[in-house]
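In what comes next, chain A is part of two complexes: it sits with chain B in the first one and with chain C in the second one.
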Partner chain A sequence: MEQPLQKRSTGRLMIIGFLSPTILLLLFMVAYPIISLVYYSFHNFSAMRPADGMTWAGLGNYEYLLTDRGIWQRFVFTGKFVFLCVTMQMILGIFVGYQLQKTFKGRDFLFTALMLPMMLSPVVAGFLWRYMLNAEWGVVNYLLTGIGLPKVEWLSQATPALWAAAVVDTWMWTPFIALLATAAFRGIPETIYEAAEVDGASPAYVFFRVTLPMSAPVLFIALILRLIDCFKQYDLFVAFTGGGPGSSTETVSFAVAKTAFSYFYTGEASALAVILLCIIMGLAMILVRHLSKMGER
Partner chain B sequence: MKYRSTLMASAAVAGMLCGTAARAETTLTFVWHAGTCADAIMDIAKDYPDKSVKIVPALVPYGPEWHNKIASEFAIQGDAFDFAMWDSQSTAEFAGGGHAVKINDIFDQSSYLKADIFPASSLSQYGEYPDGSGQFYGLPVNQDAYGLMYRKDLFENPEEQAAFKAKYNRDLKVPETYQEAKEVAEFFTRPDQGLYGWGQMGGRDYDFATTASNSFLWSFGGELYNPATMEVEGYLNSPASIDGVQAYVDMFKYGPPGSGNWGFDEVNASFQQGQLAMAMQWFYFNGSNADPKVSTVAGQTGFGILPGAVGRDGLFRRQFSVGGQGMGINKYSKKLPELVKFMEWYFQPEQQTRYAAVCQTGLKAVLESPEWQGLNSYNAQFSTALQYLNDYWHLPEYPVLLDILQEEVSNAISGSKTVEQALTDASARHERTLERAGYKIDRKGGAPEVPDTVISPVGQAEVTPVNQ
Partner chain C sequence: MARIDLKDLTIRFGGFTAVDNVNLTVNDGEFAVYLGPSGCGKTTTLRAIAGLEQATSGDILFDGKRVNDLKPSERNIAMVFQFVSLYPNLSIAENIIFPLKARGMAKAEIARKLDWVTGVFKLGDELKRRPAALPPGARQKVALARAVIRDPAVLLLDEPLSAIDEQFREEMRWELGHLQRELGVTTIYVTHDQREAMSLADRIVLMNHSKIVQVAEPDRIFFQPSSVFAGQFIGSPSMNLIDLVPVAGGLRLGDSPVVLSQSELPPGITARGAVKLGIRPRDLRLVSGEGHALAVEDTFSVGRERFFTFTVSDQILQGTDHRTQPGAGSVTLVPEGMMFFDAETGLRITEAAA
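The block that comes next holds the complex of A and B.
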């Protein structure tokens, strides 16, 4: 039966009334900064030198950035870092999560203890590991030499520094994956495992054909979150390597922050932030679409 | 009813009293990096006679966060701080952006604060912008210079002296040139005993590698650019500049493994543990390095002046980086009269003598007093060191130029580029930065092999010993 016209319009007004504060807040908090960012990216402008004014640059900032070899190096490093971190964290996190879903004595204490690195500030973790990885008196090299291995100059050479940064990020954030994985694994009905056992499925078969597929949506969300987080990693590197040696451990986010708040090239920093935003949004959209398809299945 | 009236009257009086107290109290906030000297200012400020004025610190760790905190506040034209201690090179950036109070106006109005209470060179280094203009935007509140610290027990050991003489055919003494320092560092480098010859900063953070490498570059006769023509190519990558930075990079061979990314903390820690025979370090840290509660070798530590070098033109130069900070005033502060009164009190010899007991003052009266020079084992050297100071670009583009040079010198330290390649790349990037900022580069070409010979020459025919 069709609703009377007056009733429908009152309902629509009510919806608008309820939604408008949130929409206005979102516009103010998200749309306005993004529009400003895009606007600034087409201008040459320094927030430090307001007297110089703002001049139209068109695509100049984008052209400058995309032809700068240094920026591409930062993208390559960020890509390597994201790949290493997300791969290690997913593998380790799923393994740890799988072990923690089992019931055993001391499980709760172990679970809490494993979450501790995640609760540290990345800057604190960066400084902490910087000293632990000191080539001469760091505890890591002390342990290595204890088992007859040579000392490694972790932070003064590019390749070890990349690996060291990935290990530190993995140390911090594997617990996050483990936390979500444990929740996902525990959400799988026990009856499914019982059915698999009755059918004579091996533990490996059960893990790969039952546990992983059934917890895939949650693990996929964890993957997306870690991917985005690793992509915009900045604070860890400030304390850990300062971006060096050279610029070999500078992420794109590091470059954005430096260009914006150290150089005060506000227009150029805005353009770089827009590029970064497009990449992260594009990546997130692909993954979210994949997640939706997964849900439909 | 009576009770209610009494209560209301009491509340009104209490409110008035609170309001009066709130109105009377003025807070003067300053930004600086956390450390001994910021603590010293706070300690001295407690005795400021005007008890209605409170000095409030807003401290950050040393490094980019410190610069960025000041710069961000200026960018929003905010008054979250009233004054700040910033690096000498930042004066150009902050004054050039129109954010700092011109101190000349204060000199004109104050009966005590005058330019002549500070050494002219210090006032110029920490506060003048543009160079040579006579316009000042900062006062030398905390001077600093690179210095040398060394293990006296090693240098004065007769067996070491004999072994050194036998190997190098000269006496073991505190080096006056980097050529001598290299031999001494090589002699004391004994990894099997956990002893290394030389410690220096090379980290990518802030200005660690640049301040250290510049000290070598200038001493070998190199220059960062030609201020007259704004040319960088041919100057920063001149043969003399390459000689200097190469000598700096080579010194890492005589430091502990991995010292290529060290900052001042690591240099201090290593020296304090007795791992280093010599180290290049800021005078700022001498207080803690001479403290037996901090350093295991405090009793055996000698403090001296950093070596110079004999350049490829045969001339001797001793030049090293200026450190420390100037005190600048936030143009957007609404408390300038109160701040000027505080500064007039703070820069009196009495307060500066207290400050100079733990840090390095910029007040001429204290620097020249024999009491201060004899106060510890390094003040007299510091006084001498001031004459060898040099500074890098006093240009608003300083943060960009610094970061580029940091990156390229760091590349040379890690071996991913040769020194020549790193300095050539830095030159090209510096010129690109200057051109983007609107400078016209007058490319005359033909820069001399030793650029110091044409830019404020300091070369001398003889080595002038200062460490005896």
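The block that comes next holds the complex of A and C.
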């Protein structure tokens, strides 16, 4: 009796010993920042003026934020951006993915080429496109005038800037959806398609009735990942408009950064970040639950 | 319903010839079973009839009309695949009516047909469930229901029972045979299982190395195999094969002292080159007493049946004796069970040919 008991406790010690560096690192990297973020969010505090100290604000920061019309405008703008991006990316990505599932010559090359935008840093892509979208000498307006259309002030108005950013984000991330969609489509057994062919179903019927529903779990994951990523979009608007004109192209993330590092309202920025975190965690939880359900199957 | 003709059908994949110059007629309402070892080209032939493979040369005719260039959906065929090919995202009922819906049939007509098929296959309880919730045997039943619901001219079955557990397979086999006779649909069935072939087929099409070896009714293919391959592929335990050595007065069984005299042999056979004797285990008898030179080595019984082995020319041969009072110790051959094959070509020497 004694022998195995002792063995087990040394085993447990060993496990703790091996895990502790990782756990400590995780605590330091994840738990500490989150806890201090929540802590700051309940205080009036500016990182620029540590001498003023920290005063308890309770829910004051949250109350201020949630009653401020400016922040709702940022949420609405972010929502529009997310909706545009995700809709365009999903539709285009599924379409491209469907084309890419067929085996043809040059497929591998095309695949790699399509991945390139995804490999750019978002800020780099942002500046690249800012030049292309320049109203006076940008290549986009050059092409537009070439086919007889008027020049568009892409980056100095809110709505065109929103569309431009959504298109650029779509340009960057459609390949990602396409990649996942192709993998999902290719995972459907050939006999299912053959059965459908024998059953006399048209390609469109097969696509909407069989291919798409069968790939839905994977496409859903792609959708959630894109939702999360688009929701925290910041870089593109920094590069394109700097949030302007006024604050009309500021996303929620943008507002967090500006509040924290331009105005140095650390407490208020923390509160906003906590709200953002909750939304993203909610989305992530759907994703994780979905993934574990897929694992069980 | 339809008659199917294959005319000089050849299918190549690159350098590999999967189906080599096959000619065959399957009559209207007939149950034809393609039988052969894996890789013999039976599934490829079936897929070509379905339109899922292209014929390299030769013609496929349905009721005399060439269908080579028709898509699978235009051939009015239905098919059941070896591995489950149900749509996992659809319920059983939706799976079964899929071909009708895909063709845009009226709702009332679909409901009527679903009712009919549900009754035939006794599927009532399963209709609302998903394929994943059913055992493999039941899934294949659903696939069969999906196949017959639209009254196809031809029913194609690609080893439909091979992925099902033993017990359920037996049951499905009887049901399938019964159903086919009831519907009277022209059916082509592919299998490597001789028991399935023997019990289901009106005619067996035996294939080997991309070619048809023999086409015949189950009984005839069993009692009159056209070649060593046909003789050995069908029947279990497998047919024994013994080299015959010419000696004065007849042919000797390998290295044994047993000599088949002229009177026991088909006329003219001694004049031929090398000949082999084929004899099924069931055509061997256990006997007691002197004068029989084939000595039994091992015996065991399963119920009333006795299994035994003996050796000729270093080959272990098998016999089964199911008589109530078999002898012990020696083996004799039942003369009617003896079949003679040309050792060169493997073809059977029939009395007419000899």
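One rule holds for everything that comes next: the second predicted complex is superposed on the first by the 254 of 297 C-alpha atoms of A that agree within 3 Å, B and C clash if a C-alpha of one lies under 4 Å from a C-alpha of the other, contacts with A are read in each partner's own complex, and residues count from 1 in each chain.
Assume a contact is a pair of C-beta atoms (placed from the backbone, for glycine too) under 8 Å apart; a residue touches a chain by one contact, two chains touch by 3 or more.
Owing to the predicted nature of the structure, the values given are computational and were not obtained by experimental measurement.
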When chain B and chain C are modelled together on chain A, clash or fit: fit
A:279 touches, of chain B and chain C: first, second, both or neither? neither
Geometry of the superposed three-chain model: angle at chain A (Cα centres of chain B and chain C, steps of 10 degrees): 150
Larger contact residue set on chain A - chain B or chain C: B
Touching partner for A:128 - first (chain B), second (chain C), both, neither: neither
Chain B versus chain C as contact partner of A:183, first or second or both or neither: neither
Partner chain(s) touched by A:214 [first = chain B, second = chain C, both, neither]: second
Contacts of A:49 with chain B and chain C, given as first, second, both or neither: first
Smallest distance from any CA atom of chain C to any CA atom of chain B, in Å, after fitting: 51
Chain A positions touched by chain B in one structure and by chain C in the second: none
Residues of chain C touching chain A in the complex: 50-52, 71-73, 77-79, 81, 83, 85-90, 98-99, 102-103, 143, 146
Of all residues in chain A, those that touch chain B in their complex: 46-51, 134-137, 151, 153-158, 238, 241-248, 258, 261-265
In the complex, chain B residues that touch chain A: 64-65, 67-68, 71-72, 74-77, 93, 96-99, 202-206, 256-261, 266, 269-270, 273, 275, 396, 399-400, 403, 406-408, 410-411, 413-417
Parts of chain A lying in touch with chain C, wherever the complex brings them together: 189, 191-192, 194-202, 205, 209-210, 213-214, 216
